[in-house]
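Provided herewith is a single structure, encoded as structure tokens, for subsequent inquiry.
So that you can tell them apart, the chains are marked A, B, C and D in the order they are listed, and the count of residues begins at 1 in each.
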Amino acid sequence: MKRIAVLTSGGDAPGMNAAIRSVVRLALSRGIAVTGVRHGYQGLMAGDFVAMDSASVGGIIEEGGTILRTARSEAFATDEGQSRAMAALRQAGLEAVVVIGGNGSQHGALALHRRGIPVVGVPSTIDNDLRGTDMSIGADTALNTVVQAIDHIRDTAESHERTFIVETMGRNCGWLALNAALATGADVVLIPEVPRDLAAVAETVRTRRRMQKAHTIIVIAEGAGDAVTIARTVSELSGIEVRVTVLGHIQRGGAPTAFDRILASRLAAAATDALLGGQSGVMMGLRGNEIVPVPLEVAVAGIRQVNLQLYQLEGIFSI
Amino acid sequence: MKRIAVLTSGGDAPGMNAAIRSVVRLALSRGIAVTGVRHGYQGLMAGDFVAMDSASVGGIIEEGGTILRTARSEAFATDEGQSRAMAALRQAGLEAVVVIGGNGSQHGALALHRRGIPVVGVPSTIDNDLRGTDMSIGADTALNTVVQAIDHIRDTAESHERTFIVETMGRNCGWLALNAALATGADVVLIPEVPRDLAAVAETVRTRRRMQKAHTIIVIAEGAGDAVTIARTVSELSGIEVRVTVLGHIQRGGAPTAFDRILASRLAAAATDALLGGQSGVMMGLRGNEIVPVPLEVAVAGIRQVNLQLYQLEGIFSI
Amino acid sequence: MKRIAVLTSGGDAPGMNAAIRSVVRLALSRGIAVTGVRHGYQGLMAGDFVAMDSASVGGIIEEGGTILRTARSEAFATDEGQSRAMAALRQAGLEAVVVIGGNGSQHGALALHRRGIPVVGVPSTIDNDLRGTDMSIGADTALNTVVQAIDHIRDTAESHERTFIVETMGRNCGWLALNAALATGADVVLIPEVPRDLAAVAETVRTRRRMQKAHTIIVIAEGAGDAVTIARTVSELSGIEVRVTVLGHIQRGGAPTAFDRILASRLAAAATDALLGGQSGVMMGLRGNEIVPVPLEVAVAGIRQVNLQLYQLEGIFSI
Amino acid sequence: MKRIAVLTSGGDAPGMNAAIRSVVRLALSRGIAVTGVRHGYQGLMAGDFVAMDSASVGGIIEEGGTILRTARSEAFATDEGQSRAMAALRQAGLEAVVVIGGNGSQHGALALHRRGIPVVGVPSTIDNDLRGTDMSIGADTALNTVVQAIDHIRDTAESHERTFIVETMGRNCGWLALNAALATGADVVLIPEVPRDLAAVAETVRTRRRMQKAHTIIVIAEGAGDAVTIARTVSELSGIEVRVTVLGHIQRGGAPTAFDRILASRLAAAATDALLGGQSGVMMGLRGNEIVPVPLEVAVAGIRQVNLQLYQLEGIFSI
């Protein structure tokens, strides 16, 4: 193998740049050249390629986003799109691909692998919903961003003795909301994995007011329902005004935490070495302290389960 | 004078605690006792008072929010409400009041002053819309919070080459949005003080896409119009998708910046000394480097003008 | 069991407060009362006790340091000191102890256990040098503090094209320095676990200058030698000026990261439940994603090994 | 005028990049080309020049350090050095210079001006010791960095009930130390502008211990004496152990605050317009809210005075 490609795809996540740097520098140290694919699968189909040297990834380890850009592509889901991508890879002499991204991106990686080109995935999504890895790149940074945002909102909630609903990202996975609730000592958390009982939530809000703990923080995963509708219901049931803050896109960006920089460096290095060692069709995952290969079929089969012991702990602490 | 009161009112702002600490410690150093009023004017009417000693304000200089709590009160706007407040003050032997808050709070301070009790105001609002002071407590912290949030969003905007509208607080004043746009190198800023031209905004979005500067950040003050409506219009006119992030309540909280801690300490100390020196009916303001008294009538007469030279500068830089 | 004690001991670490909160709230939810011991083992010998209720741990999850205070005690290492501690526990009706701290503290926990009182340890040290747990409370926060500090120093190193040595804490363990070096893309790292070769370091400094990568960042664990002496040697061997920054006590404090708040909550809850379930003489550790008991003898037998694969990776990336 | 030069010199400061961006974009908007001088006066003598366009300053407003690099140059202080610089400017067709830097840099600017080339200075130094401006670029960011560092150290000081001396930068000026002490509620501050009384400091340390405020934070400006020697003296006089943290180079770097980004943008734009308007031999300064020209002779004549009212306030608050 002489030259491999690397791309970032799907939603951007802090640490993607550290992963790109790791692929480039590790491959160069093994005598392999690296080509960057711009704009994810869209750029792969279009042959939007750029040669990467060691200097091209200097100073990016601490930067959020992705220097290779990213995109979501519907065309790549089609047979024609994938054929165009394969042709572009062949034409550029690219013999293997490292795919950095979340669930949709790893689906794409699997499609390429099935067409015969060696592909290894690197899990990267702030939702942390990928199977086969304890943590995906970007999740730790996003969690800290959410925690700092809720710490801010609590200042106002306490000062005004108000009830706030804070909506986090996470798609259909409650990881981000649950961990943020636990880390901020939130009073209630609603996640897709646990059926919700808004009457009980309203009762908590009322009880806290009676106990002179006048403010209440409710964290909701975006997959657990519409924050505005839930706020209205809780407000009607409790008779207490409820305000909503949707954290939105501030959750994606920012300098990656130490954890994400190191995780990205390790996973991407392992992915590159796996490709050079002849592997394909796998995603490198973190299991405990080890980096292990996971079949892409497993990684994309549904979403990761959250640790429901944390949900119980959150309930105990917020009494 | 033997005992004065201090209260925080209206929206909470980072630095209010530093101001409370300053009133308490400065008064004590002058041999004057201090009583804290909880929950702003609502607590003033209800006699919700707490004695403050030096230790009661220990360790709060770095905390957001307000340990005295705050509230918005409609009852205090009435003659009856103000009479109740006066009675409560008399009964508790409170001879003067320091009022820490924004526009509505200083209106209340003026009402008390007119009823004959010495009152001095301390400007505190993240909107920075108060006349008679260059800066209000909390504005610098909120500005830095907004700037960090936009720095985050830019990571995603660049990576996905998208157009984002970010809505800041500020009520009818563009200070927060304008300064945030200048500090983040945003491409467009819409503030209440300048008539908006959405066709020109759409043209900027289109032009930037043509110039391969594929992403655009538009900052909107909440007083400049509804972000979602504006996004729809710009999107229709430009043919380019526009996403909206409303920063919301994260803008209020957090540890105050050095500037806000020092400003709060200086303004509140000056307000306390002004009361002890026999002044009333004024708000202490920052003018250049000096702390000066401003008649409350002046402070609450309309909103502060923003520096439109900054608006022009923002336009030049974003070319 | 009706009443248990909790203490923090040794160097403070961010997350200790989250651990205290977890012990108190979990125990209360199980119908068990909690007494806080102030000033670590010193307070234990002196009977410096304070009853804890749910409100006493409100709002502390986000605070660095420890509300129970901490101390290092030589007297407790003696037979007489331990006897006094046992007497104080008996007299106060305290039937078991949760010990939150690092290596020395867990040694103390083992001594108490051997005298017959149930004791469970919670690992907490920014050095992350304790055996039997993948991570100790405070290590993730300290690592992020170090990473941010090095990110700052790199701005200056790049701007002035200088060589900097940055010394981290870590006692005899290189975990903090190694992970910080990897996360910041430092050019050289010196840790106690790997023999150092200052001639090679000087050669790296010289080579980088020749390659127009004019600045060099060298991270040193405090256990790897004296930073000033090493700087002098590298400077003499390379002919290039080397500056030293000793990060010092900024590494201990600050609001805990999300990871440390959650880890502290989980470990301390597990420790409390272990005590209630009849266990003693163990420390709760993180192994992969699980919380597991580790015999105290194992936890304190020497220091944890660092992952030398990370050392190799650091070498590859800094080429 | 068709082409101007811009350089950064002396110690780097956060906001220098925002100033460079401002010079480039404002000049371009006026139809003037800009050349960057690399490595300060050293590069000026060597003709180390780079053409700047709008894109060359894209994305740098939020970055610490300086993309033009900086250096301290002794050769430029000589007649020969200055002659070489003048020749290099002439040869490259550079008709005027914007000099971004501190005291030494503005001395250099004055020398160039006296040799007949138009020069305008932009004050930039974290020490904030330049006359003729209320604030220099970088000072607000450095102050916030110091404040956060002391907030960290206080966690440990409180937890261990210890006495800490924290040394800040500032050269012969106490601005940084004094403002940091005020903003963190430090107990003692030592600055070059006020004669020190270590017996009184020791008495404060002893008194606080007696009053059960067991910890003490002492902030020292580097110009106020050697921290280690002072610590030894205070320790001997008080009988209480005193620890020292020298904050060092973390004070220089990091993303600039909103204030520094805006100040840099305004000062550098005004400097560029002043050059285009025919001015020379001045530095643009902030006076209150206005940007005003100050003769370079005035700016470099000694160091700025600190506001000693803040010193008195600090004394009152720390009682």
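A few points about this structure:
Assume a contact is a pair of C-beta atoms (placed from the backbone, for glycine too) under 8 Å apart; a residue touches a chain by one contact, two chains touch by 3 or more.
Just so it is clear, the model here is predicted, and its values are computed rather than measured.
Counting only chains that touch, the fewest steps needed to get from subunit B to subunit C is 2. Touching subunit A and subunit B at once is no chain at all. At the interface between subunit B and subunit D, over half of the residue numbers appear on both sides, which makes the contact a same-residue one. Inter-chain spacing, taken between the CA centroids of subunit C and subunit D, is 35 Å. Between subunit A and subunit C, the centres computed from C-alpha atoms are 28 Å apart.
A straight line joining the Cα centres of subunit A and subunit D is 40 Å long. Contacts with at least two other chains are made by residues 151, 158 of subunit A. The set of touching chain pairs reads A-B, A-C, B-D, C-D, using the touch definition from the header. Remark: subunit C residues 21-22, 25-26, 28-29, 54, 58-59, 61-62, 134, 140, 143-144, 146-147, 151, 158, 179-180, 182-185, 213, 255, 257-259, 261-262, 265-266, 269, 287-289, 307, 310, 313, 316-317, 319 touch subunit A in the complex.
Note for the complex: subunit D touches subunit C at residues 8, 11-12, 14, 16, 39, 63-66, 69-71, 145, 148-149, 151-156, 158-161, 164, 243, 245-254.
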